[in-house]
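Down below are the structures I want you to see.
The same subunit A turns up in both complexes below, where it pairs with subunit B and then with subunit C.
The block that comes next holds the complex of A and B.
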């Protein structure tokens, strides 16, 4: 029974939150890494693309809610999601047309594109704040829990609870589905193959008749879709606030770089590495130890490697370590 | 020529007489800077007291009080010091209401008030650091120190039979101050603090923070944060994981957004925030409304009380010299004596003139504790059925 309690406590406070946060980061990092893979620049506006997509989805959700449409136990935002993706894709394609294309045609070095994306970031930042405001928004409806902590305790009779949220389940399923689909798309379809060809060797791809503008447009659409999905899942799980999304940029890039910039598989792994390193290294193992150790070995301290103040430092230490020993990331990325 | 001499001589007598009776009070507040929106009604409240006292004609044998405003800027200690120096050496004020911000109050107190021996009564400086500053008995404040909030919360938790708590605080001066005062006071009362750890505002994910708080355990979780910031994130994660079933909230967490967002999930959560059920507050509202002042604005009651205390102390000491009346401030503010509410200053002046005792209650139920600061009135609240309910007042 004690071992079960220890396992349950660990699952509730480390495994589940880490996996959910990891899945959300992974989806965000996938979008950033795709753009890097094809266009060879780090898109700083990615966090705000997430915010824009979430905002569009929230607006549609409110509209649906006001005319009385709901999705049963699932959040209404899932119905609104496709519209949010279309709105975001349109917005980023327009940005590409107005801003990035000019620089791409002039074949500027990638550092200039990074700076351009920084400018785009500030503009998107402002647009989102102008439309929906700076406040915290809750848009999750339907059931919040698959089962609550109290229910779990009654069922199992254990002292420690596990609560499973609908948004956690959706995040994990969505991450698996999206990653599987993306893998299939890049590996099996003609468009996916042309994208990989373009990413591997731009000149050779151009010689084989691949239309670069089409590849770029599809990349933007995919990145917008991934950003919107990641943003909406994140917002459903926690809450939506433009500033928080802007701050998500750092862990997302840490995830993409740890995994290997430009490598989709790496982005997934990176997302989970960053999430688990934040949650697990700063977790206090006292509760787990109390259940596992005999009575006279009970710990007095918190059995915590680092206090939670350092959780951001942890993910960046992982980043530095990976870059020191494997500069192209855990999975071979495009960055040398 | 004779007539002229007579007239000028009598004018001179009148002028010197007027000068002798004139008591000047400095009102030094942040009229520009970060709290410039708060200070205008505060200064008006101070001037309302002065008008009330002048109208009574009972102050120090019919002396007139005048107000001199000065700008402390809130953030520029140099400007605050210069303005206070001008008030004291130029305008020869008998005391200063202000400064309104803690930083400016510290600078003015150490650089100007103590060397010149002039009394300061701040209506709004709340930094705990001001409690320990060497002030030669010259500094008073009618707003409670931030530390009081934590002490009162610790007492409420003990009264509710809570034996151990974990504390999560927002990583700034306010959060740290409240967390450490809760911890000190709670441990003094025999309670146990299992962990006191900070959280950053505006972050997305708080699983790690809640994980370690849950591991430390406790009967309740104290969140010294903000209702629309990281505090709400911590609450959300705690509710999601079932880590704690009881919350204790200091002032910063009592935002309307919190109850709206979590509703009945927070049932049983309790805490405190500044507030009073004293009839004085309602009375002042009425008076300010009549005078066209924004009476519901922050620190207006405290400013009214600060000014009233200063003038009543002068009356009690029968002198407007700081050295004489500084020791009387605590006397007029606290029991024993006749209770005095806003609008009753004439009555108070009369009692003091006749050598009686008063217990000034005022608009903010002011009770001064050592070293010359308001004990503060706090409202204990609880969430029940998704709505906030007042339990009692402390």
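The block that comes next holds the complex of A and C.
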């Protein structure tokens, strides 16, 4: 029974939050890594793209709520999501047309593109703050729990609860669906194949008659869609605040680098590695230990490696370890 | 028009903008813009050394600046009585122990053969070391934080003259720069960017949470000043007679006098740094740096150790950022970790460097002043623009209120547009580098 309790506590506080956060990070990192794979630069505006997409979705959600449309037990934001994706993709394609295309045609070093993305980041940040403000926004509606802590306790008779939130289930299912679709798209469709060819060898792809502008446009659309989905899932799970989204940039980059920049499979793995390290390092294992250890070995401390304030240090340490020991990432990336 | 004339004209225009602020708003706010502009110029100089001389992309400016500010606290404040006895020594012992464990792990990693034994040995050492480190550190931290927590609860500083903190800030930031450069230099340029982004966030997290160091988010607000206090000036008969001779109001005159003192100090530091870096740039070392920047492959074929030179120039740039941070904390007499925002202390500095002109020290100075001026002024301009736009709307309408509130965020948008436009149409900046 003690072992079961320990396992349940571990699931509730580490496994579920880690998997949810990992799914959200993986989707964010996928977008960043796709842009890197095709256009060869780290897009610093990615966090703000997520914020923009989430903001667009929230605005549509409010509109739907005001005319009385809801999605039953599921959050209304899921109906609004396609509109949010279209709005973000439009915005991102417009920035590509107005800003990035010029540099691409002139074949500038990638670091200039990174700098340009800083400018785009400022603009997007300003736009988001001007439209929706800087405050914390909760936009999750519908049912909150698939089952609550109390229900779980009565079913199993265990002392420790698991509460399964709707947002967690949605995050996990959405991540699986999106990743499966993306895999199919990149592996099986003609467009996906041309994207991979372009990423592997640009000149050869151009010789084979692949239209670079089309590949780039599709990449931006995919990245915008992934960023919006990741942002909305994160917002449903926690809350939306422009500054928090801006700060997600670091774990997202860490995930993309850990998996190997430019490698979509790596980004998914990286997302989960970063998320689980963050949650595990900042979780106090005292509760789990009380069940597993004999009475006279009980710990006095919290058994917490670092306080939650140092979350950012965890993604960074993972990043540094990978840079030190395996700079091309766990999976083979495009970067040397 | 020659280049020099044009540059002088631009600096003249910048001065005119500030003088205009002095006439239309107040001399106090004009001087505030100058002082912060000078500090920003030093920061831009630091970034310019890294980016302009060596093409190194540092987006962790905020972290190095914050370390410099920390130096102002650690040097200028008086020691908290009893704190060192309570746990100060033990804290430093624990930190030294932690460093020792990491060094030992690195040694084992280098000496032992690749394989499972090595991985296991390193992991065991790190895990055991961490537990012991927390065992050493935690009680000492609690003891220090328990001392008079309402106003102190930290170790305090060394009680030395505050100006000494400027070089100390440079050393602190340079140390952090060395660590991060050692890790990320030599890899792709994007990696340095991502790594510096991370280190900056960590420095801020440490400042916010390690209360024993500098009171965390409870802030340090009484850093001593190198210049007189306004209150003392107003009580000083000599000062009052001078003010009377000018026919000025003693209260605002005292504020202006204090700001002028700061401006003099900052200007001296800025000119010294420019002189040093111009001298370095025109020495054989500077020629080598430019050769490396322009063609790394050719330079390394000529036997230059590119990664080592990069590390050197990166550390130097970080040191300059550290000085700027110490100057900032000295001017504000306080350290508020919550005020360090990446948009303001990292990305804005980048706008300054790009707009001013990458690779040119005077460009960095002009960019620092101009962008800081705009950063301060765009907000009131945005507000007046919005009240003009909304003047036709009914009072109390939610849209009107929203538009007026949103004006505060307009400066982010403006900075982004400036950065994009300059990169597109004048990539070399206002004063291009050579």
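Just so it is clear, the second predicted complex is superposed on the first by the 331 of 336 C-alpha atoms of A that agree within 3 Å, B and C clash if a C-alpha of one lies under 4 Å from a C-alpha of the other, contacts with A are read in each partner's own complex, and residues count from 1 in each chain.
Throughout what follows, a residue touches a chain if its C-beta (ideal position, glycine included) is under 8 Å from a C-beta of that chain, and two chains touch if they have at least 3 such contacts.
In this text the structure is predicted, and so the values were computed from the model without any measurement.
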Joint occupancy of subunit A by subunit B and subunit C, clash or fit: clash
Partner chain(s) touched by A:257 [first = subunit B, second = subunit C, both, neither]: second
Which of subunit B and subunit C A:135 touches, first, second, both or neither: first
First, second, both or neither for A:284, with subunit B first and subunit C second: first
Touched partner set for A:150, first subunit B, second subunit C, both or neither: first
Touching partner for A:324 - first (subunit B), second (subunit C), both, neither: second
Partner chain in contact with A:171 - subunit B first, subunit C second, else both or neither: neither
Partner chain(s) touched by A:121 [first = subunit B, second = subunit C, both, neither]: second
Which superposed partner A:247 touches (first subunit B, second subunit C, both, neither): both
Subunit B versus subunit C as contact partner of A:111, first or second or both or neither: second
Steric overlap of subunit B with subunit C in the superposed model, located at which of 7-15, 25-33, 61-69 or 79-87: 79-87
Residues of subunit A at both interfaces, subunit B in one complex, subunit C in the other: 247, 307, 309
In the complex with subunit A, residue positions of subunit B that touch it: 171, 195, 197-199, 202-205, 207-212, 214-217, 228, 232-233, 236-237, 240-243, 257, 261
Subunit A-facing residues of subunit C, complex: 55, 57, 59, 130, 183-184, 187-191, 193-195, 197-199, 201-202, 205, 208-209, 342-343, 347, 350-351, 354, 405-406, 409-417, 419-420, 423-424, 427
Contact footprint of subunit C on subunit A as seen in their complex: 41-42, 44, 99, 102, 110-112, 114-116, 118-127, 129-131, 133-134, 246-247, 249-250, 253-254, 257, 261, 305, 307, 309-310, 312-313, 315-316, 319-320, 323-324, 327, 335-336
Residues of subunit A that touch subunit B when the two form their complex: 9, 12-14, 17-18, 21, 135-136, 138, 148-150, 161, 163, 165, 234, 238-239, 241, 243-245, 247-248, 278-279, 282-288, 302-304, 307-309, 311
